[in-house]
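Once you scroll down, you'll see the structures, which are given as structure tokens.
One chain, chain A, appears in both complexes that follow, with chain B as partner in the first and chain C in the second.
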Partner chain A sequence: MATELGPTPVKEPASGGTPIHHGPKGVGEDNAIASQGKWASWLLAPTIVALAIVIVYPIISAIVMSFQKDAGLDPVTGLFTEGGPAGFSNYTNWLFQQCAAPGGGTVACPPGTLGSQFWSATGTTFYFTIVTVTLETILGFWMAIIMARTFRGRSLVRAAVLVPWAIPTAVTAQLWLFIFAFEGIGNKLFNTTILWTGSEIPARWAVIIADTWKTTPFMALLILAGLQMIPAEVYEAAKVDGASAWQRFRMITLPLVKPALMVAILFRTLDALRMFDLPYILTEGSNNTTTLSILVVNQIRQGFNSAAALSTITFIIIFMVAFIFVRFLGANVVEQQTGAGKGKK
Partner chain B sequence: MTAATELRAEQDRGRKAAQNREKWASVRTYVSAAVILFWCLAPAYWMVVTAFRDVGYTYDTSLLPTHITLDNFRTAFDTSFGNRFGQALLNSVFIGVTVTVISLVLGVFAAYALARLNFRFKYFVLGFILGASMFPGVALITPLFQLFTNIGWIGTYQALIIPNISFVLPLTVYTMTSFFREMPWELEEAARVDGCTQGQAFRRVIMPLAAPAIFTTAILAFISSWNEFLIASQLSNDATQPVTVAIANFAGAQPQQIPYTAIMAAGTIVTIPLVILVLVFQRKIVAGLTAGAVK
Partner chain C sequence: MKTPKFLLPIATAGVLALTLSACGGGGGGGTTAGGDAEQGLDSRGPITYVQGKDNSNVVRPLIEKWNAAHPDEKVTFKEQTDQADQQHDDLVQNFQAKNANYDVVSVDVVWTAEFAAKGWLQPLKDKMALDTSAMLKPTVESASYKGTLYAAPQNSDGGILYYRKDLVPTAPKTWDEMMSMCSIAKENNIGCFAGQYAKYEGLTVNTSEAINSAGGSVLNAEGKPSLNTPEAKAGLETLTKAYADGSIPKEAITFQEEQGRQAFQNGKLLFHRNWPYVYNLAKTEGSSKVKDVLGMTALVGADGPGASTLGGHSAGMSVYSKNKATALDFLKFLTSEETQKFYATQGSLAPVLGALYDDKELVAKLPYLPVLKTSIENAVPRPVTPFYPAVTKAIQENAYAAIKGEKTVEAALSDMQASIESASAGQ
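Coming up: the complex of A and B.
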């Protein structure tokens, strides 16, 4: 119910300015909808056309490209190879980590080449996604619960959480790179001598910590919006009935905040799956911090069509995750957005 | 002891226990609030402290500001090591303003339709726009890179503005849609009953009410364009790069040594205006964020 958290809550959702909307379905309604539909299509046309140009056209063109061979010099034979239809070979090469062999055909990509990194990049991407979203959900929930309480200085806390959110990710990456420098404040404060960007586990955790810092506020604010939708009387009633704090949390807070929570988790998950800025700047993709997005960007200059296939695979992965969320985990985004849950269907 | 006094003593004990519990709960709240404040502000504080610290004391770890100087801000704008931070600032402002204006002009109509009109496929359109905003930028970069290479647009402003519209416009539409939905549209009807034409009612009644919503949306749109890095890192050149790219590639006198103090100064410059803007319009921004639900 995130949408209902307006600065000036209105008692009733705006009716769309159609008086007939409230009445029983009359004869005029179909006509009214038809005429509004005409208006709506004129008003929506510029946005739809713009999005078609900047999103739909590139997707289609990426898919077309992904079925073409990359033209260019063969790295092994030094001969110029023509482009031409590739069938699914760009896709299968990524999935099975195959590279072109000198005599035609394919061999397993040698370690270190981009072609050999598909599954490790996929693994890294999911590792980052699962760990950061889990951390952010727990921390965000905790922050939201604190911010929902009344205490002096609450507005200060609510303002402070916006600070990490307002700092550009590129700056965040440089800031944490400095904090995690060998002689930096991070090692000093915790009295450690970790070479943060030097090996796999610290490098990954440097990215995870920076990402958690940057995006937990967003999560906390979304959950807070959900918490504020719960009427205080519900808690009072439960208290009177003798429910413990834990019971109140489990039986009231969790189920009632779940719609907002699921949307927050969905948004964060989709965002984490395309993570690029932080590992690209913070660790430059070294030590197993190369995400799928970084792999695509590295591939672009080595062959558009192969990169197009990889970006299409990435897109399909993200789309599937979104589908699973909406279909099976009940993250109903559109309903949240339209406020149809308010009983005005 | 009579039953009455016993009962009173019992009640007293109960009240005291409840008071104690409350006291502890409030202590816990304040401690938690302090932890949140520290977690959110300490790294940002460190950026600002470092920005004002003499470069010779880059790794000084005293927590209070020491060796205060403005040199780092001069270094940030210095172009002798190939950095073009000043130019990048102008580029980011130019790109951000252009993207925001285009998105607002297009988006305001769409948001009005989605918030106020009933039509078929409304859910489909909303779903499409939401999906568009969640669209991975990396899926756009390859075809755009090839297209812009072919038509010679790599490094031009339009090559940076057009991809940004792909995620700023959807964000604009649904943030404004949820703001518009909560506006008191009855006032428009009332104005018309009082003799305004539809145009007058819109200009005199609705526009002033919608202005804060549009302004908040503009801030959110500008911030998301200002923060964009992936596409800009591939499609810009030295002359057109935005600040995010300039900061990521910031070079020092020695290639081995990262000029952290200058980078933190640059980071402070690009962050402080945003932070002030966000804090001033905090309530509206939070409403817009949670309505739109975007990073």
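Coming up: the complex of A and C.
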């Protein structure tokens, strides 16, 4: 669809390209900037179209759907019929855990319905996010510091560390499923008889271990990039002044790596908040490992419109977390880069 | 002001994009099937057959054979992934888009009611009727919705009770008999019995087997839940009691089919409920410790053979198909004796035709057929309901809690009942 728009912008360069050679001051420059900007926006148009089709349209469509009732069954014909407008009932049903009652109206969702799992799934999602991101940050930092040193085989270590990150999550989950099986390698190796996927605490930690194993390298590399921006002279100066290793870490490394670290944490947090494949394959969401994304996917099979409402709620939750990060914790994904650009000029 | 000028191209592009993409979107979940079901009943021409991954290479040879005989009505094979959930979602998307190229589709027995109620499957009646008299009754029931056949039973599957011939003198006939043999397991320091009790589809299978075998049922004839009954309670209690007293080993709460099979093959179980596929693996795999002592019998119930849960697939015809006369012929071809035999020998897929289970040639090849026949004859289809996804979740969630002892059997059953009632009440 985007290609159909191609011919129109092509006409523009004739008016837009030339004025640049005129004098550096006055009206000519304004015109040049204006037409350049116009030219640029024509060039951007195909991208905007593509984004509108793949992002804006689905989001709007999902929001529209979330205000429709799910199809109900006509008791006479046994066929599904359209549900009609729902107002905010899809949203309130999730938030207050209300389900349809057999005689009409709503009741508190009985255990066993998806509706009864909304708040526990929200709790689980945040639990996973907080624990995994904390673990990954600590381990990732440690790995990054090791990789930042110069030693023989450093590039080999850097490449090797990336292997878990490169494996598709579904495959990772399947691997860990074998490891955590009752007769699996995990129990054989440590001579234990833990039912990893059989009760809440081991099941949650199985997911956490697998997730940490997989995504710590990502953290490590982002932090490593930040570490390498710190000039060696700063450390040398500190050493001359007699700063201890701990002081150097706390007063130099931490503040200087903070921008990169915050971005890494932000990315990981947003990623962890929509965690799906790992718990879905490892535990099928049993023993309180159902995340919001798993709930959405399960709901899709039971009714699209209600699922659309749930994914909108999930979207809002993730958006709020991202907002808090950027606004209050200084994770400036965009400004950081433009700031650096200005500095160089 | 220069901003409007800047925005103009972007705005134009954006509006255009939205209009274009809006054309592509359709309404969700519509059910105006009445007209579509009357279309194309007599027309013939090329059609497409849609099925999940053809692991044992049975579909391609069959289609080649059909195409050689029908040069003007060729069948094209559209292969989906090997994941059941993905196959389901792919079918839903294409039905919603009214894709005329999904003429004949393979549907899991548990999807039939949902697809039929959405108006996506052509009812196989009147002009489109299919002769089902030679088929095993439970397979026909599982392909029907509200008394109408909506798909042609294609292959079937039922549970088998595997046991250790060296330790069990005579195969048990009832649940209590089997439980009384658990002392043998204890003497040998192995687990007594296990099915699949991890929280997934397999738990629904095992739970409804337990309930049906005790004379109860998950849904009654009207499709309403009927779990607050003494029979259902007795059924679920067989599992909870056995798990509590250790007859079902603790680790069975993590078992899907494969983990259970591994445990049985490693000689760690006396009795094991699983599907027919286990037979070949347990007989031939090098690591199997039960190769020479593998016994098979029908599942056990309260006082006689248990009621297995039925698996398998049916072939449905899309209401949006343009060449329904050809599609019907293809369904007849898929259910013919010759094709069914080929399915059994080439793909180890259990036939739907009763007569084939007594076919000497076939039994020599697949020794589990007589046991499987008893199993399927006594089988009960999994709850036939258009709300199956919600029903299976309700069963899994509550049966899992009950087996682990986190909930009483009564509470689990009444929560199941309430969940299913709520799901079928619609929004």
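Just so it is clear, the second predicted complex is superposed on the first by the 295 of 345 C-alpha atoms of A that agree within 3 Å, B and C clash if a C-alpha of one lies under 4 Å from a C-alpha of the other, contacts with A are read in each partner's own complex, and residues count from 1 in each chain.
Just so it is clear, contacts are C-beta pairs under 8 Å (C-beta built on N, C-alpha and C of every residue); 3 or more make two chains touch, one makes a residue touch a chain.
Note that the coordinates shown come from a computational prediction; the quantities given were computed from them, not determined experimentally.
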item	value
Overlay on chain A: chain C relative to chain B, clash or fit	clash
Contacts of A:272 with chain B and chain C, given as first, second, both or neither	neither
Which superposed partner A:304 touches (first chain B, second chain C, both, neither)	both
Which superposed partner A:99 touches (first chain B, second chain C, both, neither)	second
First (chain B), second (chain C), both or neither touched by A:207	neither
First, second, both or neither for A:262, with chain B first and chain C second	neither
Touched partner set for A:61, first chain B, second chain C, both or neither	both
Chain B versus chain C as contact partner of A:41, first or second or both or neither	both
Which superposed partner A:121 touches (first chain B, second chain C, both, neither)	neither
First, second, both or neither for A:227, with chain B first and chain C second	neither
Dominant contact partner of chain A by residue count, chain C or chain B	B
Clash-bearing segment of chain B, relative to chain C, as chosen among 133-141, 151-159 or 259-267	151-159
Intersection of chain A interface sets (partners chain B, chain C)	2, 5, 9, 37, 41, 44, 46, 48, 50, 53, 57, 61, 65, 181, 183, 300, 304
List of chain B residues in touch with chain A within their complex	26, 29-30, 32-33, 36-37, 39-41, 43-44, 46-47, 50, 59, 61, 102, 106-107, 109-110, 112-120, 122-123, 125-132, 134-147, 162-163, 165-166, 169-170, 173-174, 177-185, 188-189, 223, 226-227, 229-230, 233-234, 243-245, 247-248, 250, 258, 260, 263-264, 266-267, 270-271, 274-275, 278-279, 282-287, 289-291, 293-295
Residue ranges of chain A touching chain B (in the complex, touch as defined)	2-10, 13-18, 21, 32-33, 36-37, 39-41, 43-44, 46-48, 50-51, 53-55, 57-59, 61-62, 65, 142-143, 146-147, 149, 151, 153-171, 173-179, 181, 183-185, 188-189, 213, 215, 217-218, 221-222, 224-225, 263-264, 267, 270-271, 273-274, 276-277, 280-281, 292-293, 296-297, 300, 304, 307-308, 311-312, 314-315, 318, 322, 333-334, 336-339
Contact footprint of chain A on chain C as seen in their complex	2, 5-10, 12-14, 16-18, 20-22, 25, 27-31, 33, 85, 88-89, 116-119, 145-146, 198-200, 250-251, 253-254, 259, 262-263, 266, 386-387, 389-390, 393-395, 397-398, 400-401, 404, 415-416, 418-419, 421-427
Residue ranges of chain A touching chain C (in the complex, touch as defined)	1-2, 5, 9, 34, 37-38, 41-42, 44-46, 48-50, 52-53, 56-57, 60-61, 65, 68-73, 78-83, 86, 89-90, 93, 99-104, 107, 109-115, 181-183, 193, 195-199, 283-287, 298, 300-306
